[in-house]
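The structure's right below; bear with me while I get my questions together.
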Amino acid sequence: MARFDQTKLTLRILFENVTSAAGLLIVLGYIMIAIIDAVHPQLIGVVNAFEEVPDYTNPVPQPPSLQHLFGTTYPGIDLYQAVIAAIRVDLWYSFVIVLAGALVGILVGVVAAYYSGFFDEILMRITDIFLSIPYLPFAIAVGFVLGRGLDELSLALVIVWWPLYARYARGQALSIKENAYVEAARASGVGSWGIITKHIVPNVLTPVFVQISLDLGTVVQTFAALTFIGFASANPLLPELGKLISDGFPYAISAPWVVIFPGVTILIFAVAMNLLGDGLRDALDPRNRT
Amino acid sequence: MKSEVDPAKEQRVLLQTENLSKLFPVKGDKVIGGTKYVHAVDEADVTISENEVVGLVGESGCGKTTLGRLVLRLMEPSKGTAFFLIPRSSLDRYRSVPVGSKEARTIEKEYSIYRFDRRKMKEFRKNTQIVFQDPFSSLDPHMTIRAIVAEPMKAHHYRPKNEIDTKVSKLLEECGLGEQFLEKLPHELSGGQRQRVAIARALAMSPRLIVLDEPTSALDVSVQAQILNLLKRFKSELGLSFLFISHHLAVVRQMSDEIYVMYAGQIVERGETEAVFNSPAHPYTIALMSAIPVPDPTTKREKILLKGEIPDLVRPPGGCRFHPRCPSALGNCGWSPEEVIASLSEVLASSGLPSVSEALKSRDCRVIDGQTFEAHVGESLDESKTESIRRVVAEKRDNQSHFALRAVKEITSQSDTTGATIRVSLTMSLVPKFTGLDKRHFVACNLFPPGSAGRDGSHEFGGVEPPVRGEQH
Amino acid sequence: MIQETEPEHPPDSEELLRVSGLRISFVTRSGVIQAIDDVSFEIKPGETLGLVGETGCGKTQTAISIMRLTPEAGIIEKGEIWFRGTNLAKDIDKEFRIVSKKNRKVLKRNKARLNNLERELADIRGNHISMVFQEPMTSLNPVRTIGRQVSEVLLTHDLPRLSNRILARHAVPPEALSEVADSLAHQRGSRENIRELVGKCDLPGLEEQITSVIYRRDISEGSKIKRIKDLKQQVNSASLSFLRGVSAQGKIPTAYRFPDRIPILRARFLGILEKEALAVSAELLSMVGMPNISSVLKGYPHELSGGMRQRVMIAMAIAASPELIIADEPTSALDVTIQAQILQLFRELKANLNTSILFISHDMGVIAEICDRVGIMYAGNLVEIADIEDLFSDPRHPYTKGLLSAIPPSDRKVESLGLIRGSVPNLMNPPAGCRFNTRCPFVFQKCSQMPPPIPVKEGHYVRCWLYEK
Amino acid sequence: MTLRVYIIRRLLLVFPTLIGLTLIVFILTHVGGYQRFLGEYVNIHSAIPVAVQEQRLSQEFHLNDPIFVQYFYWLSAFLQGNWGYTQTPIYSGTVLGAIGLFLPNTIILATSASILTIIIGIPVGVWSAVKKDSIVDHSTRIFSFIGYSMPVYWLGLILIIAFASPAVCPCLNIFPISGSVNIALTNNLSWFSSGISYPTHILIIDSLIHGRLDIFVDAAMHQVLPVVTLTFSILASIIRVMRSSMEDTLNQDYIRTARAKGLREGAIINEHARRNALIPVITLTGYTIAGLLGGVVLIEAVFNLPGIGYWTTEALINGDIGGIMGGTVIFGLAFIFSNLVVDILYGFFDPRIRY
């Protein structure tokens, strides 16, 4: 029950701050859309949530109208449907990327921190190396080698992303390791595994969770950015925000909406995610909990 | 021969450390390597018997906390060992045989906590516990009080399982915390309450030895009183032994039967609490006691103010580590040539011999060995000049800031074409060994050389060696 | 201690500081903490008042509220802080009001009101009242040299003094100096006769400088004499006029504000003063017993031990020779032997500078060693205040008695320590009336009202109904 | 530890990282497998039959040796400046040659953007921390939030639309939106061909060298939008970090001490708080630089400026392994060395680091 009070307090602090509350709501909205896309897209007027429906009879982008809320983009794709459908794709991949990265990162980071010494050194050097290449070019290279589909792309992003979490988790774990309660547990005969699972990981999770929420926005951006510069050419009709923008690129000047709507969709999500992340960070910061 | 006694029956020492030492590596200031070592604990011999409270006092960084960690094997020692529940006979045997000999190793294998195998280690963990100073970092913020207290029992597969909960609430009850605390999280408790929880956790597996690492330093006076009384009660009721670590002498006096005074990683005085408090022998102990602020404005007893600060344990002072601050240091307390040069050049500067002092400061003042150094002076030094130097040394040596001069044995000088060379030789320095002042009071200080008469004059205990290794031979 | 209903008037002259009816609350997420309620006391010139109490009793908040350094969440609701005829709490609106968690706006208004006072306070802080904090480790700026941190106090508050020192050295004839030096080289004595000796050779404005050199602890006798001989300093005309201007106006003359922004010129004007400030800092550091000063001045805080940092803090506190020093647990973070050194230092300062000290501590022993009078605080109330001997010899308030009995004696072993049952009340909703009534062994129904300070002796007041006449 | 030792230690750390970087790139080049690797070198149009070529190549690159031996040879070749070949519409030839051509423009873009960021970001961050909860603060925070969340390439597009689309307003058509110079001006110039200028390859400088002010102005104009976009994309995060760290600093004990000394608010902020507040900013610069370099890729693609990023993208689209690897290596090196500089700066800023 004490724990329950804790969650309640967290939420209360979160909602005391209007912006973070708004962030939360928007993010929930996006997730909602993604789910509906997956199960019953017709509800929100999407004919096919898994593939764009081109209309080659008039491929030239049409301005927004009643029958095309966001107008159309080349080749005659209804932008509204495409964008709504794309939300599912982008959200799904971003979540997978972040969670996979975080999982690997936490595992490696915590273990390294606990059994410090040689293993730790090695890990630090490896992450150093991974972090020594800016993620975008690196992702390009890896993705290129793996192939230019979205799955390969997200795998590439995981490979690029996990060191960040490893670093972060390690830092957290090291500071937690210093706490007397870890030593007390050792003194009362709790084994290493017990200490890691019972004491370190639970205490690491919270800050990493905050980090995740702060990263999601960035990941969505990066993902879209890579598709924008020509990944995802494997499946030309897959609805994806970055790809939509790059498809619209040639028409940007004559038909601005083709780039504006997909972009705004990304922007709103990223902003909401960051607001939420900030709110969470404040809410979980012990200084604000008293 | 004790060895005939059946070890099962004969009385055992609960915990005995032998030359226990710990060095911490610190990154040197070279580009590669150059690792230096902090001499945190140096050759500590501590004896803890059943149902005894041993106090360990000293200032921060004196190594008392490290020692506390070592005896629970929360860290591995760099040297020496510690025995748990070792029979007297084996202990004496161990001391009589050379280190590393086959027999010594067999004894270590049997009783040394650092050689324990998995099973023995688990047993040891059951029998020992620790309570930390900081009541805020010593409880996992994510666990309820119930879980925290139950943790040791779970770790040791306490049977029967279903009794764990009742045991937990009983323990908390014992420590003066009611049912309503069971489901609380640590941050909802006050410092005193947290410390009570920590104690309850320590008692969970009814251990024999609890290390109390500054258990009340973070608490207010009134709360401290409550905790101390609680601990006293447990000691008498449960027959526990405590290793009570604290910088607060008054508290230690209240709690412990025997105390060890540590300075800069070494134990300088040990003995029965009352004996040590009533007649402290080591200059450091005396200073430490005089420094305690007394809550009574009427008694204005003069204090012994120590100059300087606790030395850097990366390069601890030679001889007696306390000598640079000691208000009654002797010539043989381990003054290094550098120390002597420094204060010699200073006194000479202010007493009309600046040239010599400059020469001492200058680079061509070379230390020949630990006991001699010589410097080349620009002008010639006739015997009278040398004599005057000797006079200066003689009169300044009793000024506390120039005790280093006490180490000066003789000063010679020989003139040559370019000037003269002054040569100073120092008295042989002596590492203090433990000396018995009476049956239960030992001090390691050159004021009490081994074999000297006990302070009370009675030769009966004169120079009694304490029953521990390091000081034999 | 003054009655609760205190008419607003500046205190009589022999009081340096008078705090009356102080009430401070903290607005937190979980509620309003009534940290301090109706605290009143005064400090006479040269007197050392101690405030004792356990964690959270509000002693530190009381202390820092005098300098109006109360953290943002803290609101001074009520009370006056008279320091030498000015009320440092004049911005506090008089009508009695309890802030509630709801009106967080109060915080903002609180801040705004304080800003109007900023200028006045800046002149008082560090100049007339200075402070030594508890945590020597975090209270010094890690990336500024010790020298700068000490000298900036002088450069903020004592410009004329600095320039006068230089001018005096400029004016003095060198032979006069060597004369003094020689006479000093032979005879030595107390500060007084050195003063008069210096006075005889009439060196205007140099007495203090020479004596300070004589009393340097860190340099040998020989070099002291040399230093005195070298005191003579030639200043070029440009700088001279600048210095005269500073001494006259007491601040950097507006004409020089611009040149001070140009490095080359700066060296000639403000630069001189900065150099001088460093010199004075060195003297201050030697006053507080700092070894090898010259390197310390160039060094950074992390290179010093806790004790040494605290000495630096003290040096900064006495730099502008204030009338009142507030010391907030200055020795609590230090070891016993170091604590003894610092306490000794405080005694010396008391003797030499005769400033008043407000000494906060939780350690009765420390208080007993250094204070003339002492006030006991419990849960935001000042429950008892008396002369030091008086308080220890016959404590009246049940809390004081309990507190004293709970201290483990260092001179003998006792069976069990005295106890105060229960624990400190939560100040979000403190018990009505006397806040000790939840733990007091003698509690009776009258304790549900707050007792007034009741005089039991000359200068000994207790807030407890037991002593009602 | 002295500053010198600190710096030397830091320099030593570079080598393992460099090894790692090359190792990764090597693996990437070879993971594609034998054929793919050869495909990079084989010239189908040559008279020599492919099989023969492949055989020669596999000898030249020791493709029959164990992988680590191959790495060794590859590395030595790499160090000797043999980085392989690239074939893209915008350039075909040696990778190093391409880098020599494209890097300068990128450097100009990146440096000008980062300078702008610093001179705008730090003061704004400090300001909004000092004026906490004021209008200034709120607006800065909103700005930084949006800037932080805005896809940089999309921002570029929006600017293009704003400054070129007739739909918006012709009055805004001041800044050119694409390429590095107006082709009309550079027709049949001896020192300018296919988007690349000589000798420095930096048009802004070359135009001055050849005394063509008109081209200089035009080229400068072409730089405006990309630089603005790039700046915007990293400015937000700098402001954010600066603000929060300044806020923390202002809550430190030593700031309270400074107040207690009676220092004026201005002195407290400028002399006591700012330098401390900068330290975390410096440590976080690494990520900012990463963002910057990433941004370069996208922005050059959007504004098709002949820079490394543009080239890398082209390589990606045309499946040109040499280009991608070259790009990766260059970005890696840029990142490593900028971080090196940052860390050394850090040593100067924070005296504690030297201990």
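In order of appearance the chains are A, B, C and D, and numbering begins at 1 in each one.
Here is the rule we use: contacts are C-beta pairs under 8 Å (C-beta built on N, C-alpha and C of every residue); 3 or more make two chains touch, one makes a residue touch a chain.
Predicted, not measured: the structure shown is a model, and the values here were computed from it.
Student: Going by the stated contact rule, which chains contact subunit A and subunit C alike?
Tutor: Shared contacts of subunit A and subunit C: B, D.
Student: Taking CA centroids for every chain, report which one is farthest away from subunit D.
Tutor: Centre of mass proxy via C-alpha means gives B as farthest from subunit D.
Student: Please tell me whether B-D or B-C has the greater number of C-beta pairs in contact.
Tutor: Between B-C and B-D, contacts are more numerous in B-C.
Student: Roughly how far is subunit B from subunit D, going centre to centre by Cα mean, in whole Å?
Tutor: Taking the mean C-alpha position of each chain, the two centres sit 57 Å apart.
Student: Approximately how many whole Å separate the CA-defined centres of subunit B and subunit C?
Tutor: 36
Student: For subunit C and subunit D, what's the span in angstrom between their mean Cα positions?
Tutor: Inter-chain centre distance comes to 53 Å.
Student: Which whole number of Å gives the spacing of the CA centres of subunit A and subunit D?
Tutor: Inter-chain centre distance comes to 23 Å.
Student: Residues of subunit C that touch two or more other chains: which are they?
Tutor: Residues: none.
Student: If we count contacts the way the header does, which residues on subunit D are in touch with subunit C in the complex?
Tutor: So the residues of subunit D in touch with subunit C come to 133, 252-254, 256-265, 267, 271-272, 275-276, 279, 349-352, 355.
Student: Can you check the complex and tell me which residues of subunit B touch subunit D?
Tutor: 27, 29-32
Student: Report the residues of subunit B in contact with subunit A in the complex, numbered from low to high.
Tutor: 69, 72, 74, 122, 125-126, 128-130, 132-134, 137-144, 148, 151-152, 155-156, 183-185, 187-188, 198, 201-202, 204-205
Student: Spell out the residues on subunit A that touch subunit D in their complex, using ranges where they run on.
Tutor: 125-126, 128-138, 140-142, 144-145, 217, 221-222, 224-225, 228-231, 245, 249, 252-254, 256, 259-260, 263, 266-267, 270-271, 273-275
Student: Using the touch definition up top, name the residues of subunit C that touch subunit D in the complex.
Tutor: 67, 69, 108, 118, 121-127, 130-131, 133, 135, 138-144, 152-153, 156-157, 300, 302-303, 313, 316
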